[in-house]
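Each of the next two complexes has chain A plus one more chain, namely chain B in the first and chain C in the second.
Up next, the complex of A and B:
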């Protein structure tokens, strides 16, 4: 039930200039690339890396929010948060399945996550310190995820694009639900409003960092854009997110923790203060407060679940053997 | 709408509040326990299945708390009942509050509970009480799924590796002593059974024994003798684990009295 062999694309395409040109022509014609189609090894590798990271982010992302399931303040919120965290697990599952079409197994990807070889979104290396964090994560983190992911619904790789369509619908539900939690707090007691402001203060900058380094410093962007894996640059998406989110904060009566934030009439968007990229790289490289804890938690669940997975496999084998023995009689 | 769920126009039974609260507490506390697994399950499929089952239970608890609160008519709502009582006022069965232990214990606990609630709700679909009937119609399907899911795991683990079989036997040794309580009637529920509103728990013993017997036979497990059956949940006599569960669950409601969330 659990192990999935290598399937799909072999890495043995011969990448002559003609082959690459034909491939690029398909991309330019907005044709979807499907698992059994020939594809350049670089395209396959880029997708495996990106889909894998995305899947891992969904899975690791269950932890910071899961931290509040047992303390949710009402039955309604408890049920909604459980359902949300479960959705994220479901996103992980579709994405691992999409990556498997490119010839990497879920086990392989899981091992890469646990060994630290594969990355996941750095945002999840910050701790959730109050109930307001659950609202703000839905609003900002799921909100930023949507900005990133909507263009991916048109990604050139078919299985990824199709997974994203379903995921985006759920993410936008999460975003609205998160915003509604923050709104309830912002309109609640002074202590609740303070809780909401504190959470916004802590999550604002890390949310902006979710779009990745500035275009000037981004290594993978150009080729990914040509292959239509990516459709907008990091900075373009970040700008869209800021422009959509600042009015939402104003509506709540919360202040965005950026003294340099100004509406720029000429560009029709907000100017913002400098992003602390040193902090970003520090957290990417493992220096966030929760990097160690997140991987330890995942590893603990995986290691402590080993006997269960082994038992399921052993039972399935026994069952098959009994069936075969019966058939042979 | 008039809060008159019992057909026939008679006043609601005075014991209805207590009896519904007992059921609500069972579902909330067990649902809370399952929710503790979320993000920490042995495989991704179970990270989805465990919250699913938790959501079923919490959903049922919400309907029941809401009904109990309306019966009481003192202006309390589902969250007041769920979050603002002290340990001794919770009426859940002891098995529902048992800590998760390992995956074997969690699945066995789920099987024990669901195997009694499936026939319970199946019998309650004919209750003269419209709310109970409504809950029963939905919950009976959910419990059938829980029996299947948990039962399959008990079989896999019992008939898996040496380690999983040993863990499964340990789970039975740990939890079987709490199963007698599943069939006990409280003063409140006895009164409603008499009026035909709720099913008699004594009648559930046969169906439960059959399901457990079938699963255990396939799992290679034995139904143990229980020298000292444990009971007391319906009188608020809980184990020590419940207080910690409640401290965590009630934290925000207690820290910010009267706030809306």
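Up next, the complex of A and C:
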């Protein structure tokens, strides 16, 4: 996002104990780290992985919703959905730009997504079967994303934090438009209410999985918390999300598909049933219903856009050459 | 692809009377496409009335390793600030 001296340059730092202690002291003092600052290789690597995954999720996240643009039930819903999908594309671009300040190129990140080396949020490997899914995605999936993203606005890495501030401002419309769609269905005919309930049943558990593995099994959590890349653990954020969302479902007269869900007065939050982590890992590792389609569609868009990128560059070169020739006369 | 698409820094003037402010960056083949992309990516909600795009490679940045020697000496020149000077209350606001 800023002057990017780092691409292709050697950003390696000699990580003496004194250097690491100085870096940690800056983090502890809530100082932001900026692109050309010296940073431990692990910090850089963690951010490249996390921001890259986040950017890929925004881009792949356009696909399940794009599926419904031509079939939205009214012009108002179609215009809103188009604007939402355009926002997701924009969010992907802000995030790719933030990752690029760490010395990774856009081409490299795209290549890692298409080859399957880089991951994206497992939620997008579920299919969008009915119009109600578009409502529930806005409400739950964007809702969970916002819960995750608000603390990232205070992330220790400046460019990531600034991108997240922009994204959070824009995401709030996504969640509200989704909830409004679900509310319209829930207040409609019995068949429409049934559609809303069916979508909630299918998206509830995958939405809870969006916060990532339980704290006990999360391999990157501790160090990310120390570096203030993360501010809350996966389980803390998941709990906040459940506590915020269950009353919203009750308001709609819909039921959350968890027979073990109970209000726990002592902790001031809901207790919930066990999450199927085998399903989570199966989907992350490529076994979800839509993994193959998503990458195929991204690859198709990338390959079929190649001639446009090449033509734009050729045209730019031709114009630059013409300008230089004119100046030389 | 043979070359990477060049990187541009984007600056936006939120409204007349304010200066252009850096908002982010993007990739584009030339300045025409960079301006179009900047409009789509950074002004979807009335964020501005004017856009500048600058090739990232045209920016010269100060060295963060020299930040201490470059900027800290200004902190001890407190006589550059109005509060350094004592003016009796009777004189009134100055």
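We adopt the following convention: the second predicted complex is superposed on the first by the 319 of 329 C-alpha atoms of A that agree within 3 Å, B and C clash if a C-alpha of one lies under 4 Å from a C-alpha of the other, contacts with A are read in each partner's own complex, and residues count from 1 in each chain.
Throughout what follows, a residue touches a chain if its C-beta (ideal position, glycine included) is under 8 Å from a C-beta of that chain, and two chains touch if they have at least 3 such contacts.
For clarity, every value in this text was computed on a predicted model and none was experimentally measured.
K.L.:
Determine, under the contact definition given at the top, whether A:165 touches first (chain B), second (chain C), both, or neither.
P.N.:
It touches nothing on chain B or chain C.
K.L.:
Identify the partner contact of A:107: answer first if only chain B is touched, second if only chain C is, both if each is, neither if none is.
P.N.:
A:107 sits against chain C, while chain B stays out of touch.
K.L.:
Looking at A:38, would you say it contacts chain B, chain C, both, or neither? Reply first, second, both or neither.
P.N.:
Only chain C is touched by A:38; chain B is not.
K.L.:
With the two complexes superposed on chain A, say which partner A:66 touches: chain B (first), chain C (second), both, or neither.
P.N.:
A:66 contacts chain B only, not chain C.
K.L.:
Just to be sure I read the superposition right, which of the two partners does A:300 touch: chain B = first, chain C = second, or both, or neither?
P.N.:
Touch partner of A:300: chain B, not chain C.
K.L.:
Now for A:191: first (chain B), second (chain C), both, or neither, which partner does it touch?
P.N.:
A:191 sits against chain B, while chain C stays out of touch.
K.L.:
Can A:97 be said to touch chain B (first), chain C (second), both, or neither?
P.N.:
Once the two structures are laid over each other on A, A:97 reaches chain C alone.
K.L.:
Touch test for A:315: chain B only (first), chain C only (second), both, or neither?
P.N.:
The answer is both, since A:315 touches chain B and chain C.
K.L.:
Give one of first, second, both or neither to describe whether A:86 is in contact with chain B, with chain C, with both, or with none.
P.N.:
The answer is both, since A:86 touches chain B and chain C.
K.L.:
Could you figure out whether chain B or chain C reaches more residues of chain A?
P.N.:
Touching more of chain A: B.
K.L.:
Go through chain A and flag every residue that touches chain B in one model and chain C in the other.
P.N.:
Shared contact residues on chain A: 2, 83, 86, 90, 93, 106, 306, 309-310, 312, 315-316.
K.L.:
Once bound in the complex, which stretches of chain C touch chain A?
P.N.:
My answer: residues 1-5, 7, 9, 22, 24-30, 33, 40-41, 44-45, 56, 59-61, 63-65.
K.L.:
Help me check something: in the complex, which residues belonging to chain A touch chain C?
P.N.:
My answer: residues 1-5, 34, 36-38, 83, 86-87, 90, 93-94, 97, 100, 105-107, 162-163, 166, 170, 306, 309-310, 312-313, 315-316, 319-320.
K.L.:
Name, in rising order, each residue of chain A that touches chain B in their complex.
P.N.:
2, 59, 62-63, 66, 69-79, 82-83, 85-86, 89-90, 92-93, 96, 106, 131, 181, 184-185, 188-189, 191-192, 297, 300-301, 304-312, 314-316, 318
K.L.:
Give the list of chain B residues in touch with chain A in this complex.
P.N.:
28, 32, 35-36, 38-48, 51-52, 54-55, 58-59, 61-62, 65, 78-79, 82-83, 102-103, 155-157, 159-161, 163-164, 167, 245, 248-249, 251-253, 256, 259-261
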